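Data block below; observations after.
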Amino acid sequence: MADDRQSPLFEAPPLSEQERMVEAILFATAEPVGLADLAARMPHGCDPRAALGLLARRYEGRGVQLVRVGELYAMRTAPDLGFLMSRETVETRKLSRAAIETLAIVAYHQPCTRAEIEEIRGVAVSRGTIDQLLELEWVRLGRRRQSPGRPVTFVTTEAFLDHFGLSSARDLPGLKDLRAAGLLDARQAPDASEDAAESKSDAQATMFPQDQDTSDPRDGDQT
Amino acid sequence: MADDRQSPLFEAPPLSEQERMVEAILFATAEPVGLADLAARMPHGCDPRAALGLLARRYEGRGVQLVRVGELYAMRTAPDLGFLMSRETVETRKLSRAAIETLAIVAYHQPCTRAEIEEIRGVAVSRGTIDQLLELEWVRLGRRRQSPGRPVTFVTTEAFLDHFGLSSARDLPGLKDLRAAGLLDARQAPDASEDAAESKSDAQATMFPQDQDTSDPRDGDQT
Amino acid sequence: MAEVTPLGGAVAERLAAEALIVDVEGFEGPLDLLLTLARTQKVDLRQISVLALARQYLGFVEQARELRIELAADYLVMAAWLAFLKSRLLLPPDPAEEGPSGAEMAAHLAFQLERLEAMRDAGARLMARDRKGRDFFARGLPERVERVRQVRWTATLLDLMQAYAHVRTRDDFRPYAMDREDVMTLDQALERMRGLIGFAGAWTDLASYLPGDWTGAPGRRRSAMASHFAASLELVKAGRIEIRQGESFAPIEIRRRDG
């Protein structure tokens, strides 16, 4: 942003114009769009983040809203108007109880291994349950855990955030309370070996590694 | 607001709310929507036409606009922002050998006819090759030759000189220059180079010309 | 944590267990069953009596056995563990005994139940959220982003000169005209070698196999050498001869292979 003035040839359009551009781009697509993508499509020197901030305020309380989906942005209709769109409603296959629980465990404990899911539920996780979540693209494979056997982990996706109207995994309902109550701790059975306890503890350390303020443009100018 | 008691069940929401509704419907539907359809979707007593009027004014000058398509309404990208909806990729490609040879012959022998090009190249020149050069504006039609059939001739253009950094066609290096630059020799027949090769080694040595130890010791330090 | 509660409501417990048995297919494993049983205690999971819970569970398993209902192995494993836990909770702690105390084990079970319930609630809350395609919607009429591909043709002056040089010198080296006269084919060489190897009992330089009229002109010799080399490799593959080369660029030698 600082040195745009060095190249007057590429002087960026005024911010109000940039806001129109972001508006047009986000309106034109059903998929959330990232900052880099916005910047690539807008003229040189534009500041999509600032434009998003303006846009978010403009649409506050409107029938359509600017929402954040992880690191991406999208326009979505206001949830209170869903009743108008009965014809657009897509019937989602009803998830089994096992699938819903597994999804919740992945969301709240991510990154989380299959063994951890099984320990929390007290039953083996059937292949189909995870497959269903992978197919819905609500869950994807994360990094392998740096513990014996290097098990794969599961994490939630941006499609998951988008579907449930969450701007980030940190906004999961009741996350803070659950954490405060120690219910997200990887607490080990008292008779378990110490090695296992060791490998579990890094599950917690890596949970929400990007747990920092990623200056959401929507909050940007409120302070 | 005055006579709520008369039909409390069917009281229409305030116009600003109706505007939100129309906004959400137009955003989310897959097709442009008519007034009747809007009225059918919205709560009883709404006035979609008035709401559309408000909405049209709200989106005036924005990145997206309310447009009328016959009797139907839709939101579309503002016409001046259409450029955001296309992504240009510029691909730089080398001219084919046929094209560059043809171009070279025209450059060195201009004005020259198609028959002359074919005679020099020893192959028929396809229509597409000449068309490409004409399209690139590196070659244009010259005068007709005053010979039987009055064939058209081809000459190079200013754009050609411009692209190759020449001030005139006479600046093209001559055959002697080419030879001096090693261009002709480098392209020399295998028989010529063979003598040199033969003189320094026997048949077997030249059978495996680059059969040397591939593990270059210098590689070691770089990694 | 896990205080021993007096036995109470045994009849109600048995009734509950019977109701549960009818539903046994509906449970997602022993922990799920335990959670359901725990709810019948009608207390906060933090105040749950693990001992009473163990009794409930064991009662359930007993009931199932009486009704000749086959329980999955993990239900029976849980039953065995709970029986063990029960004995630990009831007997005074033995200082000589290894491992966690009954109270520790009970506390962990209570934690597991609480955690499972928390995740179950979280799942329910998640599903009850405003959801895309049901409560809020994405753009219904998206506009396609068109990809416009522009091709820019280039050539340099060097390309131009090289092309011209190439055209002007083409006659000199006839790149496409195959010189049949001076090329020995692999078949020719193979044919020759087949007839000759019978005599090659000792290591012999491959070069000595080349026909006399192919060793004069360098081009002809090279072609013959290449074909003979390829032919030797064929024969090695067929197990007819052996081949060796002392070092790089040393003569290639071949020998008949007996047997």
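For reference, chains read A, B and C in written order, and residue numbers begin at 1 within each chain.
By our rule, contacts are C-beta pairs under 8 Å (C-beta built on N, C-alpha and C of every residue); 3 or more make two chains touch, one makes a residue touch a chain.
These are the chains along with the protein names UniProt gives them: A, B = SMC-Scp complex subunit ScpB; C = Segregation and condensation protein A.
Keep in mind that this is a model prediction, so the values were computed, not measured.
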item	value
Target chain C, source chain B (SMC-Scp complex subunit ScpB), minimum contact steps	1
Distance-maximising chain from chain C - centres being C-alpha averages	B
CA centroid of chain B (SMC-Scp complex subunit ScpB) to CA centroid of chain C, Å	41
Distance from the mean Cα position of chain C to that of chain A (SMC-Scp complex subunit ScpB), given in whole angstrom	27
Centre-to-centre distance between chain B (SMC-Scp complex subunit ScpB) and chain A (SMC-Scp complex subunit ScpB) (centres being mean Cα positions), rounded to whole Å	36
Residues within chain A (SMC-Scp complex subunit ScpB) bordering two or more other chains	27-28, 75, 77-78, 81, 85, 88
Where chain C touches two or more other chains, by residue	137-140, 143, 145
Complex interface listing, chain B (SMC-Scp complex subunit ScpB) residues touching chain A (SMC-Scp complex subunit ScpB)	19-25, 27-30, 41-42, 61-64, 75, 77-78, 81, 84-85, 87
Chain C residues within the chain B (SMC-Scp complex subunit ScpB) interface of the complex	137-141, 143-157, 159-170, 172-174, 207, 218-219, 221-222, 225-226, 229, 248-249, 251-252
Interfacial residue positions of chain A (SMC-Scp complex subunit ScpB) with respect to chain C in the complex	27-31, 74-79, 81-82, 85, 88-90, 92, 95, 97-98, 100-101, 103-105, 107-108, 120-123, 162-166, 172-174, 178, 181, 183, 187, 189-191
Chain C residues touching chain A (SMC-Scp complex subunit ScpB) - in the complex, by the definition given at the top	28-32, 34, 74, 99-100, 104-105, 107-108, 111-112, 114-116, 118-127, 129-140, 142-143, 145
